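Labels run A, B, C, D and E following the written order; every chain starts at residue 1.
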Amino acid sequence: MTALIALALILLLSGGLMLLLAQVEVGPMPGSEPQKVPFLGGSEPATHAWQRFHLRYYPMTLLFIAFEMEMMFMYPWAVVYAEIGAKALAEMGMFLLILSIGIFYGWREGIFRWQ
Amino acid sequence: MAVSEAIPRGHRQVRYFAAIGEDALAWVEGLARDAGLRRVPTPRAASLLLIAGRLPERSWPALRRVHDQMPHPRAVLHWGEGAQPVPDAVALAPAATPAVAMRALQGDLDRGARGSSPDLLPNEPPAPWLGKGPHGQGGEGMMGGTPYGRPMTMRGDELRDGLRLDAHAVTLGPFAPMLPPGLALDLRLQGDVIQRVEVMQPPFRDAMVEAPFAAAIDRPMSAAGLERARAVHHLRCLGRFCALRGAAAPAARAYASAYRATIGGRVDLGSLRRWLWLSGLRPGIAPGLGTLSAAQRGCLSGPALRAAGVPDDLRTRLEPYTGVGFAPIARQAGDVRARIDQWLAEAAQALDLAARLEGLPPTTFAEGLEGPAGALGAPAGGDRGDRPALDLDALLRGLEWGQAVSVLASFSPDALRRMLGAAG
Amino acid sequence: MSWADGVFWLLAAVALLTGWRVFRTDSMVRASFLLLASFIAVGAMMLMLGAAYLGFATIFMMAVEMMVMALFMVMFMMNPAGLNPMVMVHQHGLAIVAGLVTFAGLSAFALSLDLPDRPLPGGAEVIAPLGRELLGPSMLVFESAGVTLLATMLCVVILSSRSGRFGPSDLGSVPPAVDPAIEEDP
Amino acid sequence: MTLQAIGVVAAGLIGLGVYGTLSQQSIVMLMMGLELIINGVLLATVGFWSLTTGGLPEGQLLAIVAMAVMAVEMAIGFALVVAVFRRREVDMTDRLGSMKH
Amino acid sequence: MMGPLTALPLTLCVLFAGMILVGVLDALAWRLLGRVPIDDDDRLTLGGLRAVIRRQSISTERPDLAAWRLAPALYFGLAAAGLALVPVAVAVGRAPVDVEAGIVVWGAVEALTVIAVFLHGWSSNALLPLMGAYRFVAIGLSIMLVSMFVLIGAALPAGSLRLTAIVESQRELWNLVRQPLGLPLFLLLGLAITLRGPLDYADAPDLAGGTSAEDNAQLRLAWQLARAAMLVAFAAMAATVFLGGPLGPVLPGPVWLALKAGLVAAVLVVLGHLLARPDASRMMTFIWVVLLPLSFLDLAIAGLEALR
């Protein structure tokens, strides 16, 4: 339990330290309007940059979430693997095989490219 | 190793943003050898704005925006001749080396001896928004109005995967560090895939590249010197390409080899070849990327044309080269990979030719010769006027941003300017 | 009211507050990462309850899912960054009432529980028994979860990529008629 | 940190999730509500496992299965949103009344 | 078990020492491999700090300022948490933070790092950072899977997810030898989360600095320091899991750990400056089609070897 407190403290305090550095306002003025224009190599931006950004790897992310669940099952398997031995290897082998079919199918459908 | 001075005591690194004008790309890249000057990719990280060479009038508004985007305290140094785009810039003759002036400027800024250069543009928001609209942020409803001064992106057509999402219209300016100097593109993007490209301004003219070759037409020049200049040009283009792809060490090697070639030293391209192979530059590029369609191939010239399978080189018909048994190198693919290999191969060939042509007396090439980016003043090669202009939209449409930047960087800036049909 | 209870109630407050703020903020990226903060608070509570593996597994699994959630919310929602105030609510009254009724009902049920009080012995090994359970008696759950995940992967690929079996899916991907003469009405 | 306290907090999360699911018009925000519900379920599961079963491994397995449910629901939900948006260019629940293309 | 009072100062001191070392390594690599400082980064040096003090800090027109400042703080906090997991001494077998599922915590650090970089790119409301952020998430998520398979492979012989047990299991044979594919694949993750070289899709030169294109003054320094801190944390983690951490014949434990971590950091800095960055879609395909099967193979090797 004390390890968790230590971890939480380290995370929060070091983060807070950097937050302090990042927001200390130093320098003459907060920035005039022409200073705040985003940098596009000298051009005037026509619209806000925030947009419904058309990312091209969305099928990959969805397949990733499903594949991520496998990690959740693999961690406990790794702990008892040495103890159980070959049977565990066979079971996890089958589990991995099942999910590799999914990845192979995704690769064949071309989802690991920019759509 | 390239010769360069260490940072003199008491001075910290000067961070400058280079706004490269006409005939100045080689100068600015030469500055990189000085350990005390660091060229930064955005004005946000810079304290000095270095205006190199002559800036045409049409690019002054863009320069004012870049100047105002720099944080205070800032200063401007105009290194070159031509009119002064920024009123209180420190002028510096083209022949002088800017390192000393930049360190002095930075020292004055640090000590406060020099005031920060004021904004050039008026201090108003792009569109009046404060207090407008039901909630005072200048917007109406969900997507309307100009919240915080700018409208929001609207949906548009999509080329590749049928999801009609936001078509972001953006212009990337003449001083974008990842594009050739002066090139301004009006892009329509869906995500990072280009839907439509329009050239707003072609790249700036770079006469420095062809100065020795143009001079050889009317007065005698040593052929070996010309070949060394060609090698320097190819190695610089290669260095620029490697830098954009994030391979800093091979890029530095290429620039160092180019520098040694300019001062006539011995250049070992074998080590550069090994660095390039080790860096995995070639396998990282998709094969067939940036291949021009058959109709478009007419606008190619020089190494790009030879990389596309047409071994057309004026040197095969000119006297000093035929004597030493010159044979043009050609590749078939005509994509980005072929053009890079062509640069490296032709640089090696040019250096080898320079060694062989060392002893010959200077000759004039009255009827034209092969410049680094194509034939110069050549009646035999057909005049250059009838080449079709490059349709950049057809070349870059549907590419993701990283690939588009690589395709543009696979042509030399001056060749790209000529291909886009820009006069002057 | 030991410090453990204090930390627990602090985490509970964080989880509920960020959970509520999720539906109140205008910016979709903030909404997703507020939900992540709620999950991290719940993960921390699980750690305090002795689930050494599940706590961190929740944090890392939810970090990934909320990242993907943020991507999709920005991709499809109008006004994704909340530049204009976000008003995307319908049947608000009903929703509030349903939420409160659910809360009241479940908490009444929770308060009326009198389950055996067998707390986890402090510092007990928790991951190894889970592993043995996974590979032993509950092996069926383990493998069927694998097959379910495979089904999810196939379904995700079929639904989200444009290439249907017979041409682009949004053009209907209509199978070719057995006899080309018979024109299939779309 | 009694079982009742955990139960109330979990009920609160589930209540918030139900409110979010019913009140939001956009499918993606609706799924945020569902995530919150499963978050509450997860907390309740681990609470019961830790305080009443004395560390029975099936309890942890049920929590992992709950997480698997969340992952599957989210993946399928977003795949549906993509497919519908590609076809009908709408992601609001109100304008998706009919299933006919 | 180190109490929080000793763990916190120890972690922060090691972190700051490491960051100064990273600054020196970067300067050395830049001088050794070539004279051209293509990318700029502020280092934990007097010059870097002095440069920031008098700079004006400007924002963009309508950024998400809270998220913009949170990103470097989260990135630095994650680096500190990652470093705190690493067991410093063998004799006492203690780490500043000795949790039962050490590898899972590192997995959470990786996942949250991807979020920190995305937030950094998203929050400045400018196109170049936005494209850098989105491009990075595709590669960050993909390479994270590979690293987890490799870490699980390292946990098999130890029979526990605890990092001290993993160090104990390498007493007679390091994991570098036991599973040869492990360290190379794990180094790729290091390049991705410290935004270096071939996997630096967030702050790339073809996006004029990517997510850092709009950073200035304190934020820019904070981001670069956090990036250096993550390199220290990653180097320590790689040294622990694959090179036996504090294990070593003559020198005391911490010295061995520092040497091995310094070696891994040097290798990363050199690879960062040497290797070119493939196109994003090409790299994503490469990770899923080549690296993931390789990590399966690595897991199989580790599994068979652990059975012996």
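A few notes on this one:
One rule holds in what follows: contacts are C-beta pairs under 8 Å (C-beta built on N, C-alpha and C of every residue); 3 or more make two chains touch, one makes a residue touch a chain.
Note that the structure is a prediction, hence the values are computed from the model and not measured.
Path length between chain D and chain E in the touching-chain graph (shortest route): 2. Chains touching both chain C and chain E: A, B.
Across the two candidate interfaces, A-C and A-E, the one carrying more C-beta contacts is A-E. Remark: the per-chain Cα centre closest to the mean position of all protein Cα atoms belongs to A. Each chain gets one centre point, the mean of its Cα atoms, and the points for chain C and chain D are 5 Å apart. With centres taken as mean Cα positions, chain B sits 35 Å from chain A.
A straight line joining the Cα centres of chain B and chain D is 52 Å long.
Averaged C-alpha coordinates give centres for chain A and chain D that are 21 Å from one another. Listed for chain A are residues 4, 27-29, 31, 35, 37, 39-41, 45, 48-56, 58, 61-69, 72-73, 75, 78-81, 83, 103, 106, 114-115, each touching two or more other chains.
For chain D, residues that reach two or more other chains under the stated contact definition are 64, 67-68, 71-72, 74-75, 78-79, 82, 85-86. Of all residues in chain C, those touching 2 or more other chains are 48, 53, 57, 61, 64-65, 68, 71-72, 75-78, 81, 83, 126-127, 130, 132, 134, 145, 149, 152, 156, 160-162, 170, listed in ascending order. Contact between chains, as defined at the top, is found for A-B, A-C, A-D, A-E, B-C, B-D, B-E, C-D, C-E. Partner chain D is touched in their complex by these residues of chain A: 58, 62-63, 65-66, 68-69, 72-73.
The touching residues of chain A, counted against chain E in their complex, run 2-7, 9-19, 21-31, 35-41, 45, 48-50, 53, 55-57, 60-61, 64, 67-68, 71, 74-75, 78-83, 85-86, 89, 92-93, 96, 100, 103, 106-107, 112-114.
The touching residues of chain E, counted against chain A in their complex, run 1-4, 7-8, 11-12, 15, 52-62, 69-70, 72-81, 84-85, 96-99, 101, 103-105, 107, 122, 124-130, 134, 137-138, 141-142, 145, 148-149, 152, 155-157, 159-161, 208, 213-214, 217-219, 221-222, 225-226, 280-281, 284-285, 288-289, 292, 296, 299-300, 303-304, 306-307. Across the complex, chain D meets chain B through its residues 82, 85-86, 89. Across the complex, chain A is touched by residues 44, 47-48, 53, 57, 61, 64-65, 68, 71-72, 74-78, 80-81, 83, 127-128, 130-132, 134-135, 139, 142-143, 145-147, 149-150, 152-154, 156-158, 160-163 of chain C.
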